[in-house]
Amino acid sequence: MMEGEPIVFFNGALLPEKEVGISIRDRGFLYGDAVFDATRTFGGQTFKLKAHIDRLYNSLRYLRIDPGVTKQEMERWSLEVVRHNYPLLPAQQDLWVMQRISRGVESAEPGFTPSPTVLIETHAIPFARRAALYRDGIRLVTPSTPRIPPRFLSPRAKTHNYLNLIMGELEAQAVDPDAWSVLLDENGNLTEGRGSNIFLVKDGQVSTPSGQFVLEGITRGTVLELAAGLGMPASERDLDLYDAYTADEAFLTSTSLCICPVSAVNGAAIGDGSVPGPITQQLMAAFSDLAGSDYVAQYLYHLPQDG
Amino acid sequence: MMEGEPIVFFNGALLPEKEVGISIRDRGFLYGDAVFDATRTFGGQTFKLKAHIDRLYNSLRYLRIDPGVTKQEMERWSLEVVRHNYPLLPAQQDLWVMQRISRGVESAEPGFTPSPTVLIETHAIPFARRAALYRDGIRLVTPSTPRIPPRFLSPRAKTHNYLNLIMGELEAQAVDPDAWSVLLDENGNLTEGRGSNIFLVKDGQVSTPSGQFVLEGITRGTVLELAAGLGMPASERDLDLYDAYTADEAFLTSTSLCICPVSAVNGAAIGDGSVPGPITQQLMAAFSDLAGSDYVAQYLYHLPQDG
Amino acid sequence: MMEGEPIVFFNGALLPEKEVGISIRDRGFLYGDAVFDATRTFGGQTFKLKAHIDRLYNSLRYLRIDPGVTKQEMERWSLEVVRHNYPLLPAQQDLWVMQRISRGVESAEPGFTPSPTVLIETHAIPFARRAALYRDGIRLVTPSTPRIPPRFLSPRAKTHNYLNLIMGELEAQAVDPDAWSVLLDENGNLTEGRGSNIFLVKDGQVSTPSGQFVLEGITRGTVLELAAGLGMPASERDLDLYDAYTADEAFLTSTSLCICPVSAVNGAAIGDGSVPGPITQQLMAAFSDLAGSDYVAQYLYHLPQDG
Amino acid sequence: MMEGEPIVFFNGALLPEKEVGISIRDRGFLYGDAVFDATRTFGGQTFKLKAHIDRLYNSLRYLRIDPGVTKQEMERWSLEVVRHNYPLLPAQQDLWVMQRISRGVESAEPGFTPSPTVLIETHAIPFARRAALYRDGIRLVTPSTPRIPPRFLSPRAKTHNYLNLIMGELEAQAVDPDAWSVLLDENGNLTEGRGSNIFLVKDGQVSTPSGQFVLEGITRGTVLELAAGLGMPASERDLDLYDAYTADEAFLTSTSLCICPVSAVNGAAIGDGSVPGPITQQLMAAFSDLAGSDYVAQYLYHLPQDG
Amino acid sequence: MMEGEPIVFFNGALLPEKEVGISIRDRGFLYGDAVFDATRTFGGQTFKLKAHIDRLYNSLRYLRIDPGVTKQEMERWSLEVVRHNYPLLPAQQDLWVMQRISRGVESAEPGFTPSPTVLIETHAIPFARRAALYRDGIRLVTPSTPRIPPRFLSPRAKTHNYLNLIMGELEAQAVDPDAWSVLLDENGNLTEGRGSNIFLVKDGQVSTPSGQFVLEGITRGTVLELAAGLGMPASERDLDLYDAYTADEAFLTSTSLCICPVSAVNGAAIGDGSVPGPITQQLMAAFSDLAGSDYVAQYLYHLPQDG
Amino acid sequence: MMEGEPIVFFNGALLPEKEVGISIRDRGFLYGDAVFDATRTFGGQTFKLKAHIDRLYNSLRYLRIDPGVTKQEMERWSLEVVRHNYPLLPAQQDLWVMQRISRGVESAEPGFTPSPTVLIETHAIPFARRAALYRDGIRLVTPSTPRIPPRFLSPRAKTHNYLNLIMGELEAQAVDPDAWSVLLDENGNLTEGRGSNIFLVKDGQVSTPSGQFVLEGITRGTVLELAAGLGMPASERDLDLYDAYTADEAFLTSTSLCICPVSAVNGAAIGDGSVPGPITQQLMAAFSDLAGSDYVAQYLYHLPQDG
C-alpha cells in the first residue's frame, strides 16, 4: 500500500502525506503551541536519532505536553517512515525526519482537554539551494533584532514559535538575499540562526555560545566531541562581535548543514576571507568520517553546472 | 449549498469548514509564521470590524506578508462568513470571526517563494465557561514568566506565536486552575494576558499599560473613549504590583469579554473583594449601550443553573 | 542563676531572654540595618559554627559595622548560650543559634556615632511544621517578584532586609499556603528562597545556582563537598525554569532543613513526582552521617500521628 | 500621668517611651518586615497628617499587613502622642511623629499567625546638625550603588528595609562625611536619597523624578502644587546626570527638610554654586507661608554661634 | 591678509587653516576628550547660531571643561570665520561652521592642569554626495550595534567620542554602501544616526524619539515647532521597529540635511516607497520658508547631470 | 640628524616630534576614530612589545582599519623610535612607546576614502606623580558612571574613545583628587580604570574581572601567569563590591604601574589597610624578576624628599 508516495505518521497511523491536514483549530497552528525535532539521514540511515528524541521529550516536558507515545514508539515510527520514504528519493539525496507534537485541537466546550496531535514526516534536504555555501562560505549578518532570552521562552525547547528568528532572517535578507543570520542576545553575544549554531576559531581555540542561550544542536555537541578527540581546545563561552571580527575562522553547524564554513560577518571577512580555514577543514573531515558519508561532496554534487 | 454547516473562506473560496485542513508544511503551523485578528458579534452583528482589519494589516506589514487580498475584500468575505454561520448558532450565542494569514507553504525548491494562506473562520464564544466570572470576578495571577519585550517580537502584532503567553498561563493555572494570568514585563509592569488587557482604578483614575508593550485591544481603546465620555480621567501608563495591590478596582477587557471585573491579584483582594466596583460598573453599562446589547446578561444567562 | 528559662547574650552580658527588648530607635528595627547568622545543633552540638561566624564577619564588613567583639568571643558566647538553653528543650528537639548585630541606636545628636547592638539567641527549629515535607516533598513556586540582584544589595550578606524574599513568599503562599518559594533573578535564573538554596539533578549531574546571586549556604557548600566525595559531578551554574521542568530530581538545603526533597515546581512534577530521588537519597544519607544524626528521622518523628 | 517624659502608643496603649522595647522575635527587627510614615510638626502642629496616614495604609496594603487599627484611630493616637510630647521640647524645636507597624512577633508554633505590632512615637528633628545646609547648600553625591527598582521591592512603600539607601549613603560619606546621597536607578536616572526627593531647575522648568521610582514625598507633592500656584512649569520626568550637571538650580525636599538647596553634585557646582537660586528661593518662601512657619529661620537659629 | 584661503580661530587667534595642527598630546586626539557643535549657513548666513552655542556650553558643562571663552565671544569669532571663508566658496555652496573645544594638551608633569584647545573652523557641506537622497529617499538600516545609553555617556553632549555611531554605520554600509544607519537603543527603540534625528509619520501624527536618548538636534526642534505651526500633532515618544515598518512616512533631520525623506527601513518600503510623503513635503516647504532658502533645490542643483 | 630632540614615526617617516601635528580634519581628532597601544621600557628595553602589537592589530580589525603597515614594520619602527628617544631621558626614567592609527583625514569629496594616519611616539612615565602610591596604596573609588558594556563598544579594542572612563575619573576625583577610579559594569561588577586592571585576593585566591568586559591588559595576563607559576590559584571571574569590601588584598595592574597595591575601596580599608599584602608582595617581586628591573625601587626613587 501507498507505494510510490511519501507517508507520514499521524495520530497513531501511517497515512499518505497528501491525505493529512492540520485542523484549523489545532493549537500548533493557532499559537505555535507545539514542539518538534529533526534528524537527518546519511545514505538513508538516521544519525543520532535517539539523541534527537531525547531532546524532543525535554521540549515536551518544558511545554507540559504529554504526547501519549513513548520514546521507543517515537523512534520506531520514525524509522518506519524513513524506511518507506527514503527509497522514493532521487540519487544523492537525503532526508530530514521530523517529529511534531502539538497540544491538540482547541474547543470552547467547558472542561474540554485537548489531546495531542502527533506527526512524523520526512522531506528532502535542499542540497541544491545550499551547495555554493560549501565552496564560497556563508555570509553572516547579525540583524538588529536580538534573540529572545531564556526567561521569556527558553531557546532550548525546539518549539513552533520561530517568529523571532524569522524576523531576524527577514531583516538580514532584505539587504542581502543570500545572507544567513545569527542573532545577538541582549548582551550583544552571538546566539544562533534559524536552526544553526555558530562556532569561532581563534589562535587554535574552538568556541561556541553557551548552551543556555541557544538550542543545543546535536551537531554542535558532536563538533565539541570531535574537537576534543582531535586535541583541539574547545569550549562554550560568551562570544561577541569583537570575537567575530577578530576570529581566524568561523563556521555554522546544523543537523542538515553538518559543518559549513563562514566567509564574512557583517561584511567583514573572516581571516583572509577564503574558506574553509584549516581547523574547520579538519573538523569537516572528521564529521564525514563519523557520519560515514562525505557530506561535503554530497552538497557539492548539487552545484549548478555553470553557476 | 452547504446549508446547515459552518463555512470558512480559504484561499479564495468559501468552503465547508470540515473540508479544510492546513498543510503540514504551512509556515503558520511550522513556525507560527502567521497573523490573525478576531472580531466578535453582538446578536450576529460584527462590532468594529474595520478597526480589527486595520490592525490585521499592520500585523501583516510588520511580518512583511502581502496577503494578496485588499482590506475591503477581507471585510466583505468576513461578513459573508458571518452571514452564513451565525444562523447556525443556538439562541443567546454569538461568534468570533477570525482572519488568519500565514506566509504560506514551505518548499525546498531553489527560488521558491511561498504564497500566503488566507483563512476566515468563525466559532462560538465560550459563554458558559466564563459566566461565573461576571458574578465572582476574575482571580488574576502574575506568573514568573515575563512578557517578551517589543525589541524581540512586538506584542502589537497579533501573530501565531503565543507560547510566551501560554507558558505564563500554564504556570498560573497549574496552581489555581481557574486563575487568569497577566504577565509582567521585564521592569515589573503589568502587560497583558492571553488576549486580554488590564485596567486599574485608583482614586477615580482609570489606567491601563502603555500601548507599546501590549496588543492594543480594540476594546481597550473603546474603554478609554467611554471613560473620556463619562468624564473619568483615564490614561495609559506604567502600572506595577504596587499599583495592583493598592488599586480600588480592576478589570480585564477583550473582544469577547468586553469588560470583566477582577476580584483579586495574586490572592490579594482588590478593594474589599466584591465586584464590580462602581467605576467598573459604569463602564460596563456604557459598553453595553455602545454595543447595543446587554453583554453581561448574555454571559450570566449561561450560568449553570445550580453551579 | 536563670535556671529553667532561656537566656540570650545581649551587649556583653548573659540575660534572661524575657528581659531583653530592642530599642525602638535601634537601626536594626528602623531600617533592618543589621546582620545575622544562624547555626543549628544536632543533639545539642553546633554544626560548623566557625564557618557561620566567618560568614557573619563578612556580612559585617560589607555593611561597615565593627561589632566590637572578636570571632573567638562570638563563638564562645554562642556556645555558652547553647549550653544553657539546650537542656530546656523537650526530647527530639534541636536549636537554631543566631548572632545578630545591628549598627546600634540612632540619635539626633550632632556628631553622635551609634555603637553596635549584639545579640545571641536560640530558639527551637519547627520540626512539627515541616515534618510532612520529608515524606511528600516540597511544592516549589517561583513568584513573579524576582530576587534583588547583587548590585543593589548583595545577597551574600545575610542582613535584616528580607522584604524582597518575603514578598515572593507571600505571593506564592497566597495561592498555595503550603508552597515554598524560590525567586528567579532578573535573567530568569533560579536563586534562593527565604533561607534556602536549591539544587537540581539531571542525568546524574548535581547543580546549584552560582554563589554571586545567593547567600552561599553552609549546607549548600557541604552538599557540594558530599557530592564530590560520592563521585557525583556537581557544580554551580545558571539554572532556569527549563532546567527545573526537565530535572530528574530537586531539593532544597538550609541550615535547619539540611537536605529536603522537592516534588514539584510551579505545579509540574519533578521526575515522576515521588521523593526523594536516588541521588537526593544518597546525599541525605551522607549528610546524616556527617552530622552524626539521622536528621530525617528526627523530622519524621514530629509527624502528626494521624495527619 | 507620665508627665515630663515622652510617651508612645504601643499595641493599643499609651506608655512611657522608656518602658517600651521591641521583641527580639518581632519581624520588624528580624526582617525589616514593617512599614512606617513620618509627619512633622510646625510649632507643635502636625502638617498634612492625613496624607501621611493614607500613604501608610497603602504601604500596609502592599505588604499585606492588616494593622487592626483604622486610619481615624491612627490619626487620633498620633495627635494624642504629639499633644503630650511637644510641650517637653526646648524652644525652637519641632517633632517628627512616626507610625510604625510590623507584621508582629514570629513563632515556630504550627499554624501560628502573628498579630501586628503598632507603634507611634515622636522625636526631635536634628535642626542643629543640618542648619548649615540652609546657608551653604547640600553637597550631593551619586554613589555607585543604584536604587533597587520597583520590580524587586517598590520604593513607593515606606518600609523598614533601608539597606540599599544606607549602603549608598555609607559609600558617599566615606569619601565626604558631609555629603548627602541621591541614588541613580539602573538607567542612570536620579531617584532619591534616604528620605529625600530631588528637584532640578533648568530654564525656569522645575522637574523631579517620576513617582514610580521613588517614595512620593508629601513635601514633593506640595512643591509641585506650589510651583503650579506660582505659575512655574513643573513636571515629573526622567532626570540623569546630564540634567544635574547642566541644571541652573537644585534642591532636596523631605518632611523635615521642607526645601533645602543643593550647591553641588559630584563636586560640580550647580549654577555658579551659590544658594539658593531664585526659583528655589521663591518655593522656599511659599512653603513657609503654607506651613505657617518660617522653617528656614528655625533651622538657621540652630547654627553654631561661631561655627 | 590670508585672502583667498580659509582661516580658522585657534586658541585666541585667526590663522590660515593650513598652518594649524592639533598636538599629538591633545586630549581631543588621544581620548576624544572634546566637544563640538555645528551650525550651517544658508546663502552665507548662519542659522540659529545662538541655539547651537547654547548647546555647546551644555556639552562643556557635562564634560567639566571651562573653555575660557564666553558665549558671546564664541559667537563673534564664529561669525568672523564665516565672514572670511564663505566668499571663498563656489556658487550654490554653503558652509558648516564648527566650534571644537578639547580639554587641552596632556602632560606627565606633577600638578599640571591642561588648558583647553579652542578651534573654530568651516568647511563645505557635501551637496553633491547627498543630492540623490532628495530624489530617491534615504535607505535606512538599523545595525545590530545599539546606541550607548545615557547612563554610560549622555548622547545629549556632542562630544568627540563617535565610535559607537561609527561602528553602527560601518556595519550597515558594509552590506549596503549607500545606506544610512539609525541605531536602536537597548530597548529596541530608534535613536539617531551619526548626526541625524529620525521622524515617523503615522495617521497624520508626527513623532520622534525622546530627547533623553539622542542629541536633541536644533533642526529636530525646529521641525517640532513647524509641525505645531501647521497644526499637525507632533510629539516625542518611544518608537520601535513596529512603528517604523507600519509608518506612512519617515524622514531624517540634521543641521545640514534639514529634512530629507526616507524610502525604506531595513529593506521594507515606507508607505508605498515613493518620497517625499505629503506631510514630509509640507514640512520641507515650511523649513525652506523659515531658512529663507530653497534648500532642496540647492541639493538637487548638485545632482550629477547624467547619474 | 635630529639629535637631542625626540622623534616620532609619522605616516612613513621619522620626524622631530615638535614638527608633527594632527590635521584638524583627522577622524582620530574629530571622532576618536583611532586605536592605539602602549608598551613600556625597563631600562630602555621594551617589554612584551610583540604582544602589544598583536593586540593593536586586533583593535584595528575591530574598527575595520587597515593600517597599511605590517606588524613587523610596526615593531621595527617602534624600536627605532625608542632607540633614538630613550637616551634623551634623565636617569631612572623610562618610556611609554605608543602606536596610534586613525582612519585618516575626512573629506567631503564624493567617493573619497581616507587613508590611515600612523603615529609612533614615546613619552616619559610619570614616576614622580605616582611614587607615593607604592608606599601608601591607591585609594580606589567606584563612580556612579558604569563602564560601557561590550555590545555598544567593546572594551577589548583600545580606541581613542575614552570619555566613559574619563567621566568616571572626573566624578571620583572631584570628591577625592588623589583617588583612582574603577568603573562597575551594568551588573555591578568591577571592570577597569582608565588604563588599569584590578585584582582582588581572598583566602589565597587571586581574581580579576573576566576578559570580555575589560581591556585584557598585557600586565594582567602576566600576573595570571606569575600567580600560576607561584602555585597560587588565580582566575577570571565576576567580582562585585561585596568581594571588594571583604577582600584581603587588592591591587591594580597596568603597563606602566606593573603591580600597585590598593589600600581602600570607597573609603573602606582593604584588609587592615596596610600595603602591600603578602600575596601582592610576592607577585610584585616576581614581576620585577621577570622585567629584570626593580620597578618599585624605580618608583620610590622619585618620591619627593620631604613630601
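For this structure, a couple of remarks:
Note that the chains are named A, B, C, D, E and F in the order they appear, and that numbering of residues resets to 1 at the start of each chain.
The definition used in the following text is that a residue touches a chain if its C-beta (ideal position, glycine included) is under 8 Å from a C-beta of that chain, and two chains touch if they have at least 3 such contacts.
Since we're looking at a predicted model, the values are computed, not measured.
Interface matching across A-E, A-C or A-B places the copy of E-F, with more than half of contact pairs shared by residue number, at A-B.
Simply put, of A-C and A-B, more C-beta pairs touch at A-B. Once the centre of each chain is set as its mean CA position, chain B and chain D turn out to be 44 Å apart.
In chain A, the residues that touch at least two other chains are 64, 145-146, 149, 151-152, 174, 184, 188, 241, 268. The touching residues of chain C, counted against chain F in their complex, run 58, 61-62, 64, 149-152, 154, 156-157, 212. Against chain E, in their complex, chain F makes its touches with residues 8, 17, 20-26, 28-34, 63-64, 100, 108-110, 119, 121, 123-126, 128-129, 145-149, 151-153, 159-164, 166-167, 170, 174. Residue ranges of chain A in contact with chain E, taken from their complex: 141-146, 171, 174-176, 179, 184, 186, 188, 241, 266-268. Of all residues in chain F, only 184, 187-189, 238, 240-242, 245-246, 268 touch chain C in the complex they form.
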